[in-house]
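Let me begin by handing over the structure; questions about it come next.
A, B, C, D, E and F are the chain letters, set down in written order, and residue numbers restart from 1 in every chain.
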Amino acid sequence: MGVVVQNIARASADIIAGLAAVGVATVHEAQGRKGMLASYMRSIYAGAQLAGSAVTISAPPGDNWMLHVAIEQLGEGDLLVLAPTSPCDNGYFGDLLATSAMARGCRGLIIDAGVRDVRDLSRMGFAVWSKAVSAQGTVKESLGSVNVPIVCAGVLVEAGDVIVADDDGVVVVKRAEAEAVLAAANKRLGAEAGKRQRLAAGELGFDIYGMRDTLAAKGLKCLTASAAC
Amino acid sequence: MGVVVQNIARASADIIAGLAAVGVATVHEAQGRKGMLASYMRSIYAGAQLAGSAVTISAPPGDNWMLHVAIEQLGEGDLLVLAPTSPCDNGYFGDLLATSAMARGCRGLIIDAGVRDVRDLSRMGFAVWSKAVSAQGTVKESLGSVNVPIVCAGVLVEAGDVIVADDDGVVVVKRAEAEAVLAAANKRLGAEAGKRQRLAAGELGFDIYGMRDTLAAKGLKCLTASAAC
Amino acid sequence: MGVVVQNIARASADIIAGLAAVGVATVHEAQGRKGMLASYMRSIYAGAQLAGSAVTISAPPGDNWMLHVAIEQLGEGDLLVLAPTSPCDNGYFGDLLATSAMARGCRGLIIDAGVRDVRDLSRMGFAVWSKAVSAQGTVKESLGSVNVPIVCAGVLVEAGDVIVADDDGVVVVKRAEAEAVLAAANKRLGAEAGKRQRLAAGELGFDIYGMRDTLAAKGLKCLTASAAC
Amino acid sequence: MGVVVQNIARASADIIAGLAAVGVATVHEAQGRKGMLASYMRSIYAGAQLAGSAVTISAPPGDNWMLHVAIEQLGEGDLLVLAPTSPCDNGYFGDLLATSAMARGCRGLIIDAGVRDVRDLSRMGFAVWSKAVSAQGTVKESLGSVNVPIVCAGVLVEAGDVIVADDDGVVVVKRAEAEAVLAAANKRLGAEAGKRQRLAAGELGFDIYGMRDTLAAKGLKCLTASAAC
Amino acid sequence: MGVVVQNIARASADIIAGLAAVGVATVHEAQGRKGMLASYMRSIYAGAQLAGSAVTISAPPGDNWMLHVAIEQLGEGDLLVLAPTSPCDNGYFGDLLATSAMARGCRGLIIDAGVRDVRDLSRMGFAVWSKAVSAQGTVKESLGSVNVPIVCAGVLVEAGDVIVADDDGVVVVKRAEAEAVLAAANKRLGAEAGKRQRLAAGELGFDIYGMRDTLAAKGLKCLTASAAC
Amino acid sequence: MGVVVQNIARASADIIAGLAAVGVATVHEAQGRKGMLASYMRSIYAGAQLAGSAVTISAPPGDNWMLHVAIEQLGEGDLLVLAPTSPCDNGYFGDLLATSAMARGCRGLIIDAGVRDVRDLSRMGFAVWSKAVSAQGTVKESLGSVNVPIVCAGVLVEAGDVIVADDDGVVVVKRAEAEAVLAAANKRLGAEAGKRQRLAAGELGFDIYGMRDTLAAKGLKCLTASAAC
């Protein structure tokens, strides 16, 4: 503990923007159903959808000192990603830190702990996905680290990884895989458009995907409800 | 496992519409305070209020194959009701399945697991009450069953039962009891209207319900706070 | 059990209004980071912000009889604060009780259990912070007490304490400390205004708070990411 | 609510004894992986293993009156199975009730709530699987029902169903299926004995079950860790 | 924060010993079913049963500095009672602190957080009731307070209150009420002895408590299971 | 998904044995308070204490196929470490798999999910730390991976990392750091021995660690309880 890694590498802005536009569910499928943070990570307001490069923070429980350190490391389009070293629901982050982070180009916060001033943050358009909302404050007494690998809500995050977040939750894309994941996601979206049209017209996924025979082979049986039941 | 029951019986559309209009809290009281799903079942957007006939799905954890099978069983005004065979928060259902379900007349989904594409579902007006929101996808490998009795969020649901859902949660009305429950609920609403007026005028429930003597008989004592306290 | 304390003392309306305006996070800091209810206490609608004097209720699990008794004790600007004697998520409170409470001048409810009729309550502008939303009803069989000290969501609340609540949660201010806490909170707000301006201009909290040397003294090290990483 | 069903049907003592001997995990597999109560149901002491006919109880939260009623319905070899009508962790049951139940031939208790006097119960050899241990007592004010269908820890239980419980948890066997399940379980045990011997000798399940080709067909790849890693 | 109260008052050793002998469930009933800590407070080994005077500790999350301070305040027969200022499962306490506490006459620890070295503590016969077991350590950076009122696992504890703990959990007896509670508990035990004998002989609680008529008056109905069911 | 890494590197048997002897709490402190798995990971029986090299498994929810694959990769002294790709409490592992694993030299299992046959496993002396115990079985339908990096109970585990586990939980030591951590842990044990003796003699940690002045400097105040209180 007590390390700050500077000048991290990031994915290109175009790729990040592309991943943001695609959204979490499609990105998650496109990279082989991996990288989803735990489902308790929720947005503080509906409708936020964005992507950014992770500036990671490992912080002690109830101590937000490292957030102040991390803000100096922020670049345009970054997201702060904080994991406490043991479970904690304190409000590590509020409107003053958000003001400072936004002034450095930061787009939002992913925190496996609590936030506060959520009404102010919503008004400012500062996006947050958190485990909790709590005004219970923190101290500034113990060191942590910035831009080291962390496990946030069950997923490994390294500095510079691309984080994609929307109303479905948060997914991590490894920096080196971001370009390929974007390509796969866009291909997937194309295929979905055609299917959506057929499904809207009343065709069954059952038939579109040719599942009827596979299901029968697995042993699926159809019965008719008896008159009595 | 591996059974699909076809041609299930349903309550009449009038009764279902009546129960939807009454809302969950009144229906629950009217049928003797039973049938409420666990309070962790929440709507993905505020303001949804509906009722429908249950098409039930028993699915393995992390496997949504049976949803494709269930859609073929949907009739106008039905609701999908899914219970996994062990606890799971995966996103079993998203906008493509919703498109298909809506094309078959389905009004919404009750799922003791996760959903995804919640922004799209909200835009489409497809109502969902779920235990979780998660983009974590599922596979299509193992059989389950459709229209068999299931336990969803702690309550037994049989195919064709009437499900009523709003911002207060989800309640199950047995198909055979639906008519009587609607009558009792409407009677209850009538009685409440009069009470609401008296309460709004400042009368105490205490007096309206004649509780003062009963409470005294049970031993309730009144004290006055001391000056010092 | 079975006691009702009448004629409780309250803080002045001016102090209560002042605390409401300041909001939960600042009040919590101003009184030394104490008094926050557990972070599972959430508002039933976004944007509510208020303060009031606590009328406390200790109620058995699944029994809301004492709410009827408590309403008689309400004065203008009060808040109902209910703690069950063991964990319970039942819907103790709905639109009829809210109608009655509002007629007595009550501003809202803090309940370490469930509420129902949340759509109606939202329309009526009756604020509620609760642990759960559930239409699962309650009975009226057993006594509890009104205006005795209770522990609500982990915090001791005495009748007449000032409760401040907003989107960040709920904080308790002891009645005797309310004036001093308000003064400290307002002083804090003044100091924050200046800092917010400097942070918005891009200055670092790091520098404003003079943390650079303290952190170095604690042993914080800065590294530069290697080209390979 | 408020119903006691008398003279319920039960499975034969031989079948029940057979199922007890087989144990929960094998019974669960033998009936197609269904009927397991939620994994939070734990035995109050290690090593208990038994089976019995269910005498079911639906009880209000925090109210154990119906347990007294249920005891009159007990026969030799029965198990009490209690589900509260909403979640509750109160201690519904202690050593006096156990003394009474044992005098009627009862073997144990399955309760989706709390128990107390666990040291006494352990000494008496009265087996309990519960969600919680708590000395928090209950009242005797409201009716419930005995021998009606209940949902206990997520599973439907009807009076007379066979309950099998051991250190792995609790499983429900429908009365009508008990004989067939026992036969299937015993067959399964026979097959396992042979496999256990081969596995103990170092043979791989991989090979015994002929999985190697299936896995390759699904696309499993083997890599060798590089020297550097 | 940052206060140590010295020379607290305690109940007499006789009363404390009497309460220990009675046990938690009976004490809890004898004082009107109040004072139980949350049911997640579990003993680290089966069979511990004791009582002692509370030396209370309010500690920041993940910081055990105040335990060192509290040990100086311990007298013969005391129990340490720690509540973190926000939820935390860290291991605040291990074998070194236990060695020190035992040297001062302390009998055990009640902690709404984690402990570690549980095998050593068990061997030493140092009793602990905790929310968690975790080797995750703590720091010594921030002040807390000793012998101030705290809320531990949902219950108010003041320095010098009598804590009674056994396999059923932990209950708090107010110092001023300890003598009366002991008397009531012993009276209760006497009454139970007679009932136990009658129940063991097969008499029904139903009849002993004269419930048959009350239940009928409430509307309880008895049915006989139909041949078909 | 669908990868098996073979021939992983391991720490030396001496270092592993050394870490096992030291125990979890000391190892955790010696490596700078990192690497602890979540506190919900509990041993299925008291008293187990061991260390081993991790053979990691990433498995779909409710599917234990990869355990069969992983067993082929086991070497003398290894531990199986399984993380499901989304939360699951199914019983992935029982006595047959344990028989097979033991035949290959495996010492135990760390699983962020459920196990079953816990009585058999205890009798066999096969150690397990798990999130749950459940007889709810799994299927063998979908691929996962073996010896890839996983996140287990909140901590990154790579194949060949040393896992140390005892009654305090489970800690991960990176393979490359194992030797240094062992040295630091042994040094720490030496220092503790001296302190334990002084503490047992009644000396205060307060004084041994020279905290009195630091605490005063931080502002700690001592008060004497008033006669009235």
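Criterion: a residue touches a chain if its C-beta (ideal position, glycine included) is under 8 Å from a C-beta of that chain, and two chains touch if they have at least 3 such contacts.
Small disclaimer: the values here were computed from a predicted structure and weren't measured.
Undergrad: Moving step by step between touching chains, how few steps can get you from subunit B to subunit D?
TA: Counted as steps through touching chains, the separation is 1.
Undergrad: I need the common contact partners of subunit B and subunit C, sorted by label.
TA: Both-contact set = A, D.
Undergrad: Give the chain pair, either A-C or C-D, that is connected by more C-beta contacts.
TA: A-C
Undergrad: Superposing the C-alpha atoms of subunit B on subunit E takes a rotation of how many degrees, nearest 5?
TA: 180
Undergrad: Compare the two sides of the subunit A and subunit E interface and say whether they are made mostly of the same residue numbers, over half shared, or of different ones.
TA: Same residues, largely: of all residue numbers at this interface, over half are found in both copies.
Undergrad: Which whole number of Å gives the spacing of the CA centres of subunit A and subunit B?
TA: Taking the average C-alpha coordinate of subunit A and of subunit B, the gap between them is 30 Å.
Undergrad: Report, in whole Å, the distance between the mean C-alpha point of subunit C and the mean C-alpha point of subunit F.
TA: Their C-alpha centroids are separated by 39 Å.
Undergrad: Where in subunit D do residues touch two or more other chains at once?
TA: Subunit D, residues with two or more chain partners: 33, 36, 85-87, 89, 134, 136.
Undergrad: Draw the chains as points, connect those that touch, then say whether the picture is a line, ring, star, complete or other.
TA: Other.
Undergrad: Among all the chains shown, which pairs meet the touch rule set out at the top?
TA: A-B, A-C, A-E, A-F, B-C, B-D, B-F, C-D, C-E, D-E, D-F, E-F
Undergrad: What does subunit D use to touch subunit F in their complex?
TA: Residues in contact with subunit F: 24-25, 28-29, 33, 36, 39, 42, 46-47, 49, 166-169, 171, 192, 195-196, 199-206, 209, 211, 215, 218-225, 229.
Undergrad: Tell me, which parts of subunit B touch subunit D in their complex?
TA: Going through subunit B, the ones touching subunit D are 1, 32-34, 36, 38, 85-87, 149, 151, 154-156.
Undergrad: Considering the complex alone, what residue numbers of subunit F touch subunit D?
TA: Result: residues 2-9, 45, 65, 68-69, 71-72, 89, 91, 94-97, 99-100, 102-104, 114, 116-119, 122, 132-137, 140, 143, 147, 159 of subunit F touch subunit D.
Undergrad: Provide the residue numbers of subunit F that touch subunit B in the complex, in ascending order.
TA: Against subunit B, subunit F makes touches at 60-63, 85-90, 134, 136, 139, 141-142.
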